[in-house]
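In what comes next, subunit A is part of two complexes: it sits with subunit B in the first one and with subunit C in the second one.
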Partner chain A sequence: MSEPATVFDEMGWPDQIRPPYALVDAWLKSVPAEQLALKRREAEVLFRRIGITFAVYTEGGDPERLIPFDLIPRVMAQAEWQSLRKGLEQRVRALNAFIHDVYHDREILKAGRIPERLVLNNPQFRPEMVGLDLPHNVYTHIAGIDMVRTGPDEYYVLEDNCRTPSGVSYMVENREVMMRLFPELFRRAGVAPVAHYGDELLETLRSVAPPNCQGEPTVVLLTPGIHNSAYYEHAFLADEMGIDLVEGADLLVRNEICYMRSTSGLTRVDVIYRRIDDDYIDPLVFRPESMLGAPGLHFATRAGNLTLANAIGAGIADDKAVYIHVPEMVRFYLGEEPLLQNVPTHDCSKPDDLAYTLAHIDQLVVKAVHGSGGYGMLVGPHASKAEIETFVAQLKARPHDYVAQPTLALSTVPTFVESGIAPRHVDLRPFVLSGEQIRIVPGGLTRVALRDGSLVVNSSQGGGTKDTWVLER
Partner chain B sequence: MHLSIQHRTVYRYAEPALRVTQALRLWPAACSGQRVIGWQVDVDGRALPYATTDGFGNPVATHTADGAVDQVRIDVHGHVETEDLHGVVGGTLERLPARFFLFETSLTHVDDSIRGLAAQVPPMKDAIERMHRLCNHVRDRLDYVAGETDSATTAAEALANGSGVCQDHAHLMAASARALGFPARYVSGYLCAGVEGAEAASHAWAEIHIDDFGWVGFDAANRICPNEYYVRIACGRDYHDAAPVRGVHRGGRSETLEVSVSISETAAMPPPGGLPGNRGQSAQ
Partner chain C sequence: MLARTASNLFWLARYMERADYLARLLQVAGHMSAVRVDADGNSEWESAIAAAGCHEEFFGKHEAATAGSVIDYLAFDRGNPSSICNCIETSRRNARAVRTALTSDMWEAVNTSWMELRDFESSEMNEDRLTEFLDWVKARTSLVHGVYANTMLRRDGFHFTRIGQFLERADNTARLLDVKYHVRLPTVQDVGGVVDYYQWLAVLRVVGARRAYRVLFKGHVEPAQVAELLILRPEFPRSLVFCFEQICLNLDAIESHDPRLSSECKRIAHSQYAALRFGQIEPIIEQGLHEFLSELVDRCGLLGAEIARGHLF
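Up next, the complex of A and B:
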């Protein structure tokens, strides 16, 4: 498992400390090791308490659900963040313009800039959405853009999550725990706050009220229920926004108007922040056996009486084969050069790209186009012979279903490990909110691969999280 | 030809259902060759106008009945003037490119036997003639037998069984046309007695997209292109998209369905007093 020689450590740890980390460095040097160990245990207790809340909901659920939290923050200078933020805004504008276009005039397909088949013959393309106008033409109201960094000024977008990205509750809670453990550190550091994420989200959702909304919009959060792995986050966000957390059985659609049942009778609902996948949202349109959503939600949307956030069909923009074309979307819809780079990606449906991928598979990351969560994925340099053989067979059988990317030398940030402090690879998921305007809470969720040399930051595969600081000056 | 349609659908529940929600596609979409003179849909005796259109341009509305539902009765009364356009479809709201209808669905999955059936029809210059041949092949391989298939039967399953109803003929026609590279879709509607051997009924057929003509209907069950005896209601990739009624119910245990359709040639003028108007009819 050879590491590329030029891994960029964002802190410059141990002896070439970069300016944004000066305070963190001083802090690590000044606080005795025993005290830090104590704080780590304290942090665990705090999270465990949050976790216990979670466990109560899941009726004795799995205590392993606690995702490891690392005390050493990931820090970005204001200027670094500003250039990222501009790129994120630009990218999400283009993604929304693309989704609107494919459900209307399909100009980008007619212009031959994106292969028509890739869109029309894609399970994420929902003909149910064709010809429907949405408030402010927004489809992905909450987008999680996964970013990696390979150098001081080198960032890449790894993937766009346009459907129901999760993890934002960790962003908010990590900060809260850090502030509780180290209040004096925050007094000195000047870190941009993230606690107002719930307010920004609510403002965004209210700004996309449907055309027939009367007066102040009523917003609810629709969860699949307590058995969903992200239920804690659903409850957390509803609480942060001060809105009702509902399940499908609480909703009723009558004459294309959506109501929620409450102790005082029926209340009209205007906007639903839904954390249920398209397939389960409306049994009159998608899976008929699904009891998670509510029948008629889609038709209430079509009749102009309801907004679903994110919109049905937004997933067409985050397919891994469509990803290749996002820079082209930026040029096509905005007439601008993309500020954020894609990872150079081989489209295995093309014979040349497939041949290259097969020849270099031990150096590449191969991803299933319709997969997610790091399972339909091969990290070539870290894979066994048998794993590679399996993937080669799959690639040859269904080349259309795969893309391949170089293994990037992801940046590292020092992290507490068994032996003390050591560099570990990180990524970043900023959350971009789109409504009447675009809002981004500074930073995002930093995920860290806790295993030495590992590049996989998913919590299902040994990933942890860090607090992410954007310095105000 | 003036056609008067009376179509009653009754859903009954083995025990009272807590709630029934249904999406109805029972209003004719605008198209040339048929002029709607009057059209009304009643649910349990109350008029239901259509509320919106779906992505395929089909008028659609939902209704919800709750609290100890024993049955839901849906009545369609319609008066339509039709003419024979030899199956050629015009004047429809087309929001999707024809090529979208090249791709299969689970109900119209093309397996080896469907591919084999399609391959029996050789390429020829006249695509209409080729589709007529295909239409006959589909009908030859699928006896018209009611009760052996249901709304979940795929085209491949029907072909393997060698029998089915109009829905199966429409699915198999669409699937095999797609196998030959022709965009194809599923259409639901009504067929008036008058086509030889046919009874008045809810009906389904396929439309095939042919260069220079656009969409052309093929009714494999009756081996013809739709004529003035047909009333076109809704279309989509398959039955799921165009089903006249799609519903879910909470409680109620099993659901049974009773359908009666009568269609008659009628005088050019509507009956005295006319049919009640429909506010949705002029929109979209």
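Up next, the complex of A and C:
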């Protein structure tokens, strides 16, 4: 599989080392290979022991496996980060403004900037939320914005995750493990800390307490339970915030007030950081058979007695077809030019775009609009003839369900592989917290495609992670 | 605290305590069947099954209690919910469900035990390996108990953990003693004989009290004194009185209790504690040790149910 000649290596490895990586380069050259191999094994033992595991569906074998962790950090200079940070803040403000708008006056639809069909006929649009006012008008309190880089100053947003983005525990734990393994490296590097993410998250959640909350808000984290693939993260975050980790059966709603069952009786709950999809959150409103949420949560919210974070219906902003219009949202709501670029995207529901996609399918990445986690996705340049044929059949049958994007030459960062050190493609998921103000912990989660030439970084598809450094100076 | 969290901590500690007890029981049964002078080595194993409280379930599955069948059933059988392997598995499942309520040291102790258990399970078992395994179980359970005692905040979570551990221990001690008094002495002539002597020594070994007995009573092993040690001596950390003292202390320390809900479990615990605290061994034996002990086992069951009801588990 040939690589485009223009792949940007963020380190400039091996012989054109970019300034932010000077220390990493010196470190890699000075530490003997066998010691690094030893540290890699140590890292794995640490992850296992701490129990940072991830459940992968549909496969046999070990149900709790590790996401491979790569020791070589991904480094960003402070200036690089600052420009990203501003763009992220702007984008998430626009996303929240958009969600608020579509559940209220629908100005952007009336102005014809976004097709009405795309929003009102979208399964992620929740009529239950129409006319409901939320604290600080925030819907996506925790957003994960997936970014890729193709050159020194070229960043693209790949997708916005406005519902229940995961992965932040790896951001924090990767740092923790790196600092345990290489304390001397951190003494010299001046890396912006990430360990306060839990504090920032809790502040954010407390700042969106519902109008009827009396005194200090009680915040809990709602998990589907230990069988969920991200359970470790739920427990981790609850722990970092020092709040209760609850399951649906621990909650109940009486007279539109939410309580949890505690050893001393019922305790009132004000804010729920929920890691359960809309469909399962409240069986009285959505799927009636769901045992994961609790009946009445939505009514408690409507009554001003409860805040759900993220809000029901936030998913309308991260649909892959709506994604195309995010730059327009920035212009419409903020009156600013977007600082972060979208990947040019073909909407296959349009005949011209579909024709283009079919003609260039071997060069494009085609994604299912409602898919996630790297499923339902075709990477044209890397697909076999048979794979393309099967995919084209699906695409022709339901063109509305697909969008297509050029195959970007994703940047690489040197990574440990079997044969030594080699460049591997990476992306970045920063986490943007919105409450009374926007908070972003510097960096984010770097995912790395471990297979040679692969562009798919999802952990369910053989991706790994790296520690992400933002240098303080 | 969240009721489910309290319940998970309670069961986490119970299952760890049970794993420890089963490992001790199997070690001593193995030891005893080796030193038996008569040919009937298997009755040791049958008594181990009785002392584990799973007589019925075991004989529903196995014809006879032999070294092989009992060790497999009590240590490894995944079909037996109370086998050592399942105890550790269940402990870990409970721990995982309440990770936020555990200290990180505690989680690592439980999780590492579980990971090492899987290594044991995937390797072939022979006599040496079994000894290693049982020693390992004792060491790991001690570690888990030590770690929680040394790292947990003295708040409700700790108290529920403590109650789980000592309720299980009381139950085990009572069963062990009861089995020795009634299953293990086939004929009247055996009482006071060589076999009997080894039996009582074995009881002391299971609860790790050989030396404690010597310190407190000096001299020959006497059944009545073994009973006194295991039931009434407050200095001995596996005695029933010690266990109930711990249960009462921790029940009383639970901060956020609703008095209407939790009064019944406290009543049961305190009345039992008073009976033990002021009890004397002679009248207990005169009125029937078996009756006393089986009533106590029932009480433990009732108390467990009331604690759960009283704290909305």
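The rule we apply is simple: the second predicted complex is superposed on the first by the 461 of 473 C-alpha atoms of A that agree within 3 Å, B and C clash if a C-alpha of one lies under 4 Å from a C-alpha of the other, contacts with A are read in each partner's own complex, and residues count from 1 in each chain.
Keep in mind that, in the parts below, contacts are C-beta pairs under 8 Å (C-beta built on N, C-alpha and C of every residue); 3 or more make two chains touch, one makes a residue touch a chain.
Note that the coordinates shown come from a computational prediction; the quantities given were computed from them, not determined experimentally.
Look at A:Ala235: by the touch rule set out above, it reaches subunit C but stays clear of subunit B.
Of the two partner chains placed around the shared chain by superposition, neither subunit B nor subunit C is touched by A:Ala192.
When the two complexes are overlaid on their common chain A, residue A:Gly296 makes contact with subunit B while staying clear of subunit C. By the document's definition of touching, of the two partners only subunit B reaches A:Pro127; subunit C does not. In the superposition on chain A, contact of A:Ser264 is made with subunit C only, not with subunit B. Once chain A of one complex is fitted onto chain A of the other, the partner contacts of A:Leu245 are limited to subunit C, with no touch recorded for subunit B. Using the contact criterion defined above for the overlaid structures, shared-chain residue A:Ile226 touches subunit C, although it does not reach subunit B. Residue ranges of subunit A in contact with subunit B, taken from their complex: 106, 116, 120-121, 126-132, 252-256, 283-285, 288, 295-296, 299, 302-303. Taken together, the subunit A residues at the contact with subunit C in this complex read 48-51, 225-226, 231-232, 235-236, 238-239, 243-247, 249-250, 260-265.
Within the complex formed with subunit A, the subunit B residues making contact are 19, 21-23, 51-57, 60-64, 66, 95-97, 99-100, 102-103, 236-237, 241, 246-248.
In the complex of the two chains, the subunit C residues touching subunit A come out as 1-6, 93, 96-100, 104, 107-108, 111-112, 115, 156, 160, 254-258, 261, 311-312.
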